[in-house]
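Letters A, B and C mark the chains in the order given here, with residues in each chain numbered from 1 onward.
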C-alpha cells in the first residue's frame, strides 16, 4: 500500500486551514497589510509614470501587469512553500527532522507541502485583479491560450522559486548562517519585481546574466508577464519550464546529499 | 551605570561570533538599493526632464545610499517583538526583579548593537560608497557634518521610542507582531524609505510631514544629501527632538500603566 | 558493530561491539548512563543513522536504506518530543497519520477507539494538543505511534517527565498491547520501573559496549552480593545492639533494615526470627539503581582504554 500523496496533501491543507482559523486575527492583519502594500505600490507607479512614458520599454499598463504577475507568483510561493522551506532549518536544529525521515513517504514531499499560508493565498486574487485591469487597460485580447500559457509560466516561476529556496534551506544541514531562508526570499522578491531590462546596464550585463542563468530569479515574473502583454517568443516558455525542471532535480539531489550527511553525524 | 557597560560587552561578544556571515549579509543588504537605483536609471532615461521630485539622477542615487545610513541608525529590528514577547511569556518578571530599568536596559543593548554594527559594517559600506563616489555630493562643511550626526543620533532615539512604544502594546494585546507588520509596511512608505517624499503630490506630502516617520529617515537623509540650508537643518533637528520627547514620554506612561495591569494579572 | 562518529576533531565511538538478536514479540530494554549509546542504537535500527561498520537487519530490511515497506512497519516514540500538530486536536494529526501510512478506515477506527479507551483519552481527542498536560500528550503520541499497527516499536525515554499515574498508565498499555499483538518493543529508559515493569530482557550499554544481555533478575544476581532484610519489632522489644544482627542500613522507629550477605540470608534471618520477637519481616533485593551503578563501575574498570580499532566485529541482528 503506497502512500496516497493526494490525500496527504488534502490533509495538510485541511490541517493548515484549521490552524489558521484558530488565529483568525492573523489572517486579517496579513490581508490588510498586503492591501496597504498594494496601494503604496500603485501610488509609486503613478508617480513614476507621471514623469516618464515607459520604464525600460515597459508602458504603464505593461508595468502594472508585471506587478500583478509578480504578486501572483510570489503569493503562490509564499502560500505553499515559504513557511515549509523556512521550517527546515528549524527541524534540523531541533532534531525533529528525524520524525519526517521515519515516515513511509517522500521526505521532500512531506517537508515541502506541510503547511499552507492562507493569508498569502488571499493575495492571489489581488494579483490576478491587477493583471486583468492592466491587460484590459492595454487592450490586450485575453484569449484562452494566452491565459493557459500564462498560468503555465506562473507555475513554472513558482517551481523555480521553490527549487531555489528549498535547496538553500536544505543546506542548513551543513551551515549555520545569519542569512536565513527569509532573507534570501526577500532578496529574490526584490530582484524579480522589475523589468529584466533594467539590469542590463549594470556591470556590463553581468548581473543580468547571473540573475537569468545562474540564480534564475529574473524570469519568474518577467516571462509570464511578457507572454501576455509583450511580444511572445517561444523561448520564454521553454526557458521557464526547462530551468524549473532542472532546478527541481537539483533540489532533489542536494536534498539526498544533505540527508546522507545529516544521518551520518547526527546525535 | 556599570551594569549597562556589562550588557554592552556581552552584546559585543555575541555579535562577533557571526563575523564572516555578517559581512556577506551586509553586502546583500545593498541588493534592494541596487535594484531601486537601476529602476530609477530606467525612469530617468525615459523621463522628459532631468529632475524628478527635485532631484537629479545623481542625487536620487545618493538619496538611496544615504537612506541606508539613516536606516542604519533608526531601524530597531525585533525590538517591539522582543518586548512584547517578554510581556507575553512572562520573561518580563526576571527584569522586574533586578535593579535595572527595563527600557534603559534595552536602550543600552541597542546602543551596543548599533556601535558594533557600525564598526563591522564600516568596511562594506565604505567599499560601496567608494564605488558610487561619482554620485555623492562633496564632503560636507563642518557645520553640516555636525548637524548630520545630531540628526542621525536623534533618528536612532526616535526609532527606539517608536518601536518601544509599539512593544508596550504587548501589555494590552496578544499579537503585537501582526500590528507591527502593518506598521512596518506603512513606515516603509511614510518614512521616505521607498522613495523621496518630495515625489508625492502637495497635499499628501504635507500630511506625511506631520508624522514622525519622515523624521526617522527622510529628513536626516536630506541633511546628508546637503539639500537643506542650516536653518532648515536646525528645524528638522528641533522637530526630531520634540518627537523623541513626546514618544519617549508616551512610552514611559504606557510602561507604568501596563506594569500595573501586568501585576494585576499576575504576569 | 562499530559505529564511528566524527565530531569535529575528536573521534567518539558511540556504539562499539554491540551484537544481538531479537525475536518477534520480545520486550527489550536498553539501559545505560547518559551518552552510553542507547539512543544511537535505536536510531540506527530506525534507519536514522548509518553505522560505519557492521550489519543490521530488521524484519529482513536494512534500516538505513529507508524503504517505505520497512518504515511502514515500525514506529518511533521519543519522550518529551512532539510529533503531533501542536495547535490542532490529536484527532486531526491521527487522520494525517492515517493517510501517510495508508491505513484502512476500519482498522484506523478500531485501533484509535481501542487505544483511546485503554489509555482513557477518548474525550481528549478533539482538544488542541497544546492545551493538554505532558502525560496526556504522551498517551496521544503513543496512540499515534500504534495507529498503523507497527510490528516494532522503538521507545526512547517514553515516560520521562511524566507523573507517576501517567507512567503507570503507559506501562500498562504497552504491556497489554505487547501481549495482545505480539509487537516487538525496544525501550530505552532511565527509569528502573519502566525496565522492571516492561522488559523481560535487558541490554545494558556502557560507553558504547554491551555489558549485559539477559533478564533483569540476572543482573541483580550477578552484581549484588547482599539482600536487604527489614525487621519490625513490637513496642519496646527492640534489641539493644543492632549491629550484632548485621550491617544496619536504617533505623526507623520500630523498624530496622539490615544488609545481609546473599548466601547467608536464609540462615541469618531464621536465627533472628528464632531469637527475637519480630512482628514483621521482609527480604528485598538491593535497589536496582544501586546494582546498576555497581555494574557500570565494574564495566568502567574493565573497559579498555581508548584503544584503536581491533578489527571489525561481526554483528547480526534479525527479527523474523
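Basically, a contact is a pair of C-beta atoms (placed from the backbone, for glycine too) under 8 Å apart; a residue touches a chain by one contact, two chains touch by 3 or more.
Bear in mind that the values here come from a model prediction, so they are computed numbers and not experimental data.
**Q** Could you draw the chains as nodes, link the ones that touch, and say if you get a line, ring, star, complete or other?
**A** line
**Q** Looking at mean CA positions, which chain is nearest the middle of everything shown?
**A** A
**Q** How many angstrom lie between the CA centroids of subunit A and subunit B, rounded to a whole number?
**A** 29
**Q** Counting only Cα atoms for the centres, state how far subunit A is from subunit C in Å.
**A** 48
**Q** Please work out the Cα centroid separation of subunit B and subunit C, and write it as a whole number of Å.
**A** 56
**Q** Okay, in this complex, where on subunit A does subunit B touch?
**A** So the residues of subunit A touching subunit B come out as 25-26, 29-30, 32-33, 36-37, 40, 43-44, 47-48, 51-56, 177-179, 183, 186-187, 190-191, 193-195, 197-199, 201-202, 207.
**Q** What does subunit A use to touch subunit C in their complex?
**A** 1-4, 7-8, 10-12, 14-15, 18-19, 22, 95-96, 98-99, 101-105, 110, 260, 263-267
**Q** Give the list of subunit B residues in touch with subunit A in this complex.
**A** Touching subunit A: residues 18, 21-22, 24-25, 28, 31-32, 34-35, 38-39, 41-49, 52, 175, 178-179, 181-182, 185-186, 188-189, 194-195, 199-200 of subunit B.
**Q** Under the definition above, what is the set of subunit C residues touching subunit A in their complex?
**A** Per the touch definition, subunit C meets subunit A at residues 5-7, 14, 40, 43, 46-50, 64, 66, 68-72, 74-76, 81-83, 85, 87-88, 92-93, 95-96, 99-102, 128.
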